[in-house]
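One chain, chain A, appears in both complexes that follow, with chain B as partner in the first and chain C in the second.
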Partner chain A sequence: MDDFIAERRRQIAFDMLQHANLVFQCVLVATIVAIALAVLINRFKVLEPVANAVSAVGLTLPSFALVGLLLPLSGLGTTTAFLCVVFYAVLPVLRNAVVGLAGVDQTLLESARGMGMGPVGVLLKVQIPLAWPVILAGVRTSMQMSMGIAAIAAYVLGPGLGSYIWTGLVQTGGANALNYAVVGTVGIVIVALVADLLLLALGRLTISKGVRVA
Partner chain B sequence: MTDQDTHTTPQPHDDARDDRDGRRISGVDIELRDVVKKYPGQKAPAVQSLSLTVPAGEVVMFIGPSGCGKTTSLKMINRLIEPTSGTITIGGEDVRGRDADELRRTIGYVIQGGSLFPHMTVADNIAVVPKLLKWSKQEIAARTEELLDLVGLDPARYRDRYPRELSGGQQQRVGVARGLAADPPVVLMDEPFGAVDPITRQRLQDEMLGIQRELGKTIVCVTHDIDEAIKLGDRILIFSEGAHIEQYDTPENILAAPANDFVADFVGAGSTLKQLSLSRVNELRMGEWTTARQGDDAADAVRRAEAARQDCVVVLDERGRPVAWPWLRTLRRQQRIDVPRRDELVTLDRRATLNDALDTMLSSSHAAAIVTGDKDEYLGVVDFESVTQHIRAQEAAAAEATEAGGATEAGEAAGTGEARP
Partner chain C sequence: MSAETLETTTGPPDHERRTSPDEESAPADRGARGWLARKSVSRETVAMLVVPPVLVALAFIGFLVWRQTAELDSVEANQLKWSTLSRLLVDHLQLTVVAAVIVVAVSLPLGIALTRGRVKRAAPLVVGIANAGQAAPSVGLIVLLFLWLGGGFWTAIIGLSLYGILPVLRNTITGIQAVDPTLVEAARGVGMTSTETLRKIELPLAVPVIMAGIRTSLVLIAGTASLACFIDAGGLGEVLQTGISLFRFSLMITGALLIALLALLIEWIGRLLELAYRPKGV
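Take a look at the complex of A and B:
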């Protein structure tokens, strides 16, 4: 095991970074998309059941199946992996964002309007900041989930640590099969923990002291 | 703004509120003409043909049973609710002639509990409207300081706190400061003191009266508490279902001559007692009392008190603020007056109501109360005698005024559904 890692140190470090990079980018895009959708849903309440149905069905869809479905459309490579991860990453953020935005006290919104804030101002200065702790909790869930999904997306030659796990599976019984699988899995866990810590730090920085819990 | 003077002609029965004339007025008139609000799918309109004038610089209290359309009427003034028909003008300018957001930045808005944004500091909350108006940082900082002082919160201590670190009363104070931030001529308040305990509410009301005396804004305030309406209002507007005006008059006249049974029921029993909250301590004849400073010759103070047939002396500090109210037997034991500051010494602000005054006297061992003015400076002493004298004089005056035709005027106003002061 030690030799296995020592020989591939640079490669493993690179793949961990790639994995993290893919997930960060996906979650970032997913967060923006999810908040935008949640704002729409918040404005047009009729969309809420639709959104709920889509996220429920979306989460039952096996990620491996989605990879298969996307393959003919976007081919082998990073694009397919990216789309697949984004799709799943949107769901938890969307759910929390819808709940978070709806949970903002209506009288606060009306008082903001009453003071002459425009609709965009109310959204950016009042509604989203107040919903932010809930949204950020969704982002954390999404980040954890995406770590695993990114590994599966490596099946279509996506970047990151997933390829180690696949190699391990393909070479079952081979000399390094277990090493590949372990390095892939542990690597992902480490990346995930670091990412979660970073998100916690982000929460410290971006959640107002006035609404932070403890 | 030009026709301000034509609408502020004093009412015949306005004489109880003598500080009206010569007072600074920074508010402007609000006029509603045939304002109707009909919600789709509802048979009866929420507001049917409301016409009224709120004169510049006055506090008008909207009151009525729940669902009578008082809040709807209030929110139509700053276009949070758009009227179905009719016109509303502020300072002669049609509110529909302006962008709704810009309009609202020129109208103060204070709602229940202060409704502060929990994620913003006190200073940021107050700065909301000035920021929207693109004031400079220095201007905003200076204004925040000024406003916190005005509402009695130490800027250095409270500026950077978050709303959840404040008590309910403090939050409400910040809410008022926020409403006044951009110095709007008109302020709308929706049950501003509904969410605080009775004692805090009383203090907030007193403070608001003090602020209003200084600023002279035009204030429209919705309340469900008739006592609050009587205490704060220059005029009270009593609504029934559909925002129909039952009576629009001064508190004195509404108490003395309710326009109809609805108003009488609404005002409720004990209207003489309610009148107690109409008068202020500074309207009373204040008794002279022997005063002395800390460190004065004790024997001399005792002599003066005895000459005036009094058994205690009000001791003031170097800035003229009352410190203690010791009996003579305490002072006889001293060479130089040296009494500890008594934190529990309850004093009355000169703006306090007679209600509060009686309350204070009843709980004081002197059966009287010390009155203080601005900066807590000593003004005099009031006792039960001065209260009863004042009430007798007032009753006599009210009886004369009512006979002189107050009732007929009020009747007309209610009959036409139109109220022009």
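Take a look at the complex of A and C:
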């Protein structure tokens, strides 16, 4: 095992970064999309049950099935992996953003408007900062989920550490099969933990002092 | 109900719980008949009970029509034979049901034990370990078990059960802990033993949360069972796997569609169970 890692140190580090990179990009895109959708839903309440149903159904869909459905459209490789991870990453953030925005006290919105803020100002300076802790909790869920989904998407040649696991499976019986599978799995756990810590730190930095719980 | 799924899959920090919407506040749907009407059920819950099975049925009918009319070459025809598909479906169901039964049998007593007496202090530790375990990718877990134990049904079952334990365990603990302590005290005050209190007060009140955990777990297991084909344990993933390795769109779509429909159906059954087991007045 030590030799295996020592020999491939650069490659493993590179793939860890690739894994983290894929997930970060997907979660970033997903967060922006989800917040935009949540703002819409917050304005047109009729959409809320629809959004809830879509995310319930979406989270039920097994990721391997979605990979299969996307493959004819986007082919083998990074695009399919990206689309698949983004799809799942949107759902937890969306749900939390809807709940978070709905939880903002109406009187606060009214006073903000009374102070002369426009709709954009209210959104950026009042609603999103107040909902941010809840939204961020959704982002953490999203990030954790995406790590595993990216591993499955590696089956259709997506980037990252998932390929080590699949290589381990293909080489079953070979000398390095276990090494590959262990490095892939443990590597993803490490990337996931580091990412989670970074998000916690981000929370410390970005959650307004007034609404900080701990 | 849907906000529940998130809570069960994530172990939310407190501020998330604080703002979670009150799902039972919507007025009961008068149109619902029978036992549905007798339990106070929000319109959204009714919609989630009615719409998914209809969609699943429509999609499945669409698949049947396509399957009967499409021109398939020999490879496709072979993989899409009804006998093959039904065998894989049965595999998939067996994997899901057996793993789910094991999950409930293990995590329910474990969860209850972790809310009793002195063991209580270990609860955060156990949940923490389970949480960290959940960060491991499902494929990784399954492949590692395969390399360690060899392929087959029972290896898949071990992987699926390990993966499904967390939601039930966590919800059992949080469900029981969330019971109003004054109720427990009142029960003890009227002379109930601690076992009676558990059986008659704490468990019934915790049932909705526990059932939500079981549903989450069922969905996780049914989805992960689509990976069982990689370790010679069959299941509907096989159609998709074959489709990907031969690059046949018909097989890919069929496999993916059947896996997705089954998962939706299982989620729906979970919702029914959730409603059926909800005690009156909760």
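The rule is simple: the second predicted complex is superposed on the first by the 214 of 214 C-alpha atoms of A that agree within 3 Å, B and C clash if a C-alpha of one lies under 4 Å from a C-alpha of the other, contacts with A are read in each partner's own complex, and residues count from 1 in each chain.
Rule of thumb we're sticking to: a contact is a pair of C-beta atoms (placed from the backbone, for glycine too) under 8 Å apart; a residue touches a chain by one contact, two chains touch by 3 or more.
These numbers come from a predicted model, not from an experiment.
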Three-chain arrangement built on chain A, chain B and chain C clash or fit: fit
Contacts of A:Phe64 with chain B and chain C, given as first, second, both or neither: second
Partner chain(s) touched by A:Ala56 [first = chain B, second = chain C, both, neither]: second
Chain B versus chain C as contact partner of A:His19, first or second or both or neither: neither
Partner chain in contact with A:Leu108 - chain B first, chain C second, else both or neither: first
Superposition-derived angle with apex at the Cα centre of chain A and sides reaching chain B and chain C, degrees in steps of 10: 100
More chain A residues in contact [chain B versus chain C]: C
Which superposed partner A:Val126 touches (first chain B, second chain C, both, neither): first
Distance in angstrom between the closest Cα atoms of chain C and chain B, superposition on A: 15
Chain A to chain B touching residues, read off their complex: 107-108, 110-118, 121, 126, 129-130, 208-211
Complex contacts: residues of chain C adjacent to chain A: 1-3, 5-6, 9-10, 12-16, 18-21, 43-44, 47-48, 51-52, 132, 134-141, 143-144, 146-147, 219, 222-224, 226-227, 230, 237, 240, 243-244, 249, 252-253, 255-257, 259-260, 263-264, 267
Interfacial residue positions of chain A with respect to chain C in the complex: 49, 52-53, 55-57, 59-69, 71-72, 92, 95-96, 99-100, 102-103, 133-134, 137-138, 140-141, 144-145, 147-148, 151-152, 155-156, 162, 165-166, 168-169, 172, 177-178, 181-182, 184-185, 188-189, 192-193, 196, 213
Chain A-touching residues of chain B, taken from the complex the two chains share: 75, 78, 80, 101-106, 109, 111-112, 115, 117-121, 128-129, 132, 162-164, 178, 188
